[in-house]
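Order of writing sets the chain letters: A, B and C. Residues in each chain are counted from 1.
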């Protein structure tokens, strides 16, 4: 029983991290129909930023988690740079060019980090000093609950932002019809850039949560995490904000439960099977709508 | 301008046969030069090192050309090609471990390895292709990643493949002289496939799959067929790899390795086997020759890739195929008559 | 209607609905051998949907259709084409980066017999068949007056020639029934005249039936022997051109209301 509860909490914690990353994928895909492979690597950027800034924060006498603000800024800046320098020039040449460019940016960021920071993993100092409590005989890390809380809070905030603010409405208008959006005075490029800034900023928050759970960063941490978060986004329905949360939590829970109860060595295979099954049976995901091709 | 002369067109078959022969002779000469260089030890103590680079180039060429079948000719991206390579590598390695003391001549064993590796990967290709090819574009691309990862996880868990540890002590069967000819044969077969009704059909599917099915083409069949052939050759490359490295680990065949192959396809030119051959040979040999910069290799690749995407999305060679006949004609001062598309020939090595 | 012989195409109460919305309902038609049949109707009437039904792109939710008495429901597009129904598209769908000749050759693929081994080893079977296909494809290009464009890449052809190339490609499938989706759309009078010429040559020379969707009433009136008019997915009139021209419901459908510019 205690193992069960612990697994649920671990799963939700893992899921919340996936969900936050998935939000970035979903927002970008929702607006320009492109899988931003480099998104996973923004987390890596965020994690390394934390690695270097947390000691500064501590020596300045401030709480360690404030370093996330710097991380958000840096991730957003890099996200916007990637968008403007690499993605914008190829936007008109079709989805395949965009995909390849995204892949190239992912490889670029990873290898740049390798050159700058070396191949050895770095361990990030503790971020939250929260005690563990005992419920029904299970030892629960409070920081896990905090992660989940932050995740849900951001998701709700983002949903409200997209639904009710002018900028959010413009974000929803652009994918419907770019030309029409331009006609009513929406600056499409600016909206896309803003989307990248927000998505990349969220990756920094995800990096904070990841590092508080697994206090280390490697140059290749982003690509596989990103892929799983992408699976979460597809499962929930890509382009749909609450879908990312649902998908993330499901993937997180499934991974932890397979790891604990079924076959520890196979949990990744199960995650990837989820993707394959979803894409073959209902490519639009749990909350998405189906769209066919016109003949 | 080309005027549609019936006799002119019919003459082309003969000229094609001559072209095949010429290319074959050219390859033999190229091989002869390499062999003399290596046998005479022109590079001194570094001879075996250069041979190693050439072997690496050969199996990379097979990988990149086979991936180009999908990417360039069928128009679908696969980011899981290393998965098929690993199937070929592990299945052939298991075979050699099993037959190690049986006294089969090593050349026969080598051929058996290639065949087993290719067939195993081909079967995996069917198993992956049938469900996956119902998708297209970026979704297909991401599903190939998923399948490759599942293959990797499976090999990390199976006892027979080393259970996640390095599988070492595989007999070293791949030597440059054999691998070179395997590469030539593989690329030739792929070229023949592309320049036949099969290749034509697959390209039509790439251009417009709805119109293709309205022209009576069973789109799914040809897609799965091409996917399987591509996987088959990746398996052969994997078998060469395993018996060259003599030690393999499932985690080597990861997402990044697949991405590397795709990068080389695109830089070389989607839809050009010449581009694949030259691109793969160049890109796999260059970093070896400049060891001190090896850290910067993928960094440079990615920058080149972005530049290619921005300035020449079809890759350096585009859909251009090198034609020895055309070169000879130009040297002899003959005007190049006739069409370009239907008489292009590829020369495998240059 | 040729009562004694089996009609080439027979559709009975064909219908399809998308999410409860009936796009086409109760569509029946009989086309005899070498007949030139017109299908007209205002924008959004469901003409292209009928074509998509007849080529297996959509599966009908009601009714069925038969080619020379053979049931076609449930067949996939390529199987329908193999049975003998070929089509062109309203918004031209050529293999853009391939030459005109290759475009035609692609459609002959299903009649070609040589296998992978022949292709790889370049056996005599391969050479013989490729040669035959090349000759045949050139002949078909000649039918649509494109023989001198054989090696031109399809996307570089002018609009009218692209439409004709699509017809040549359809002819290459050896069909019994040709569905033409607005073949004259966007053509100037000279090009249209050439097209009409080609259509009549096809009919007489290849003995095939043609079902034609056209917007341009005068063109349909001029060449079609029989005309069926649909609106809102339902057949509202059927008859010879003269009968149609004076049919009150047709006049109402065309002139009575303003339709939205939305072809399905």
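Keep in mind that, in the parts below, a contact is a pair of C-beta atoms (placed from the backbone, for glycine too) under 8 Å apart; a residue touches a chain by one contact, two chains touch by 3 or more.
Worth saying up front: this structure is predicted, and the values here are computed from it rather than measured.
Look at the CA centroids: the one farthest from the centroid of chain C belongs to A.
Averaging the CA coordinates per chain and comparing them to the mean over all protein CA atoms picks out B as nearest. Chain A and chain C have Cα centroids lying 49 Å from one another.
Work out the mean CA point of chain B and of chain C, and you get 40 Å between them. Rounded to whole angstrom, the centroid-to-centroid distance between chain A and chain B, based on C-alpha atoms, equals 35 Å. Across the assembly, chain A contributes 295 as residues in contact with two or more other chains.
Along chain B, residues 210 each make contact with two or more other chains.
With touch defined as above, residues shared between interfaces to two or more other chains in chain C number as follows: 57, 89.
Residues of chain C touching chain B in their complex: 55, 57, 76-78, 81-82, 86-87, 89, 93-99, 101-103, 105-107, 109-110, 112, 114, 116, 119-122, 126-127, 130-131, 133-135, 138, 147-148, 150-151, 153, 169-170, 172-173. In the complex of the two chains, the chain B residues touching chain C come out as 2-4, 6, 9-10, 13, 17, 20, 189, 192-193, 196-198, 200-201, 203-204, 207-208, 210-219, 319, 339-342.
Contacts from chain B toward chain A in the complex involve residues 75, 77, 79, 131-132, 134-135, 137-139, 141-143, 145-147, 149-150, 153-154, 156-157, 164, 210, 255-256, 259, 262-263, 266, 295-296, 298-299, 301-303, 305-306, 309-310, 313.
Within the complex formed with chain B, the residues of chain A that make contact are 34-35, 86, 89-90, 93-97, 99-101, 103-108, 110-112, 114-115, 220, 223-224, 227, 230-231, 234, 263, 265-266, 268-269, 272-273, 275-276, 279-280, 283, 293, 295.
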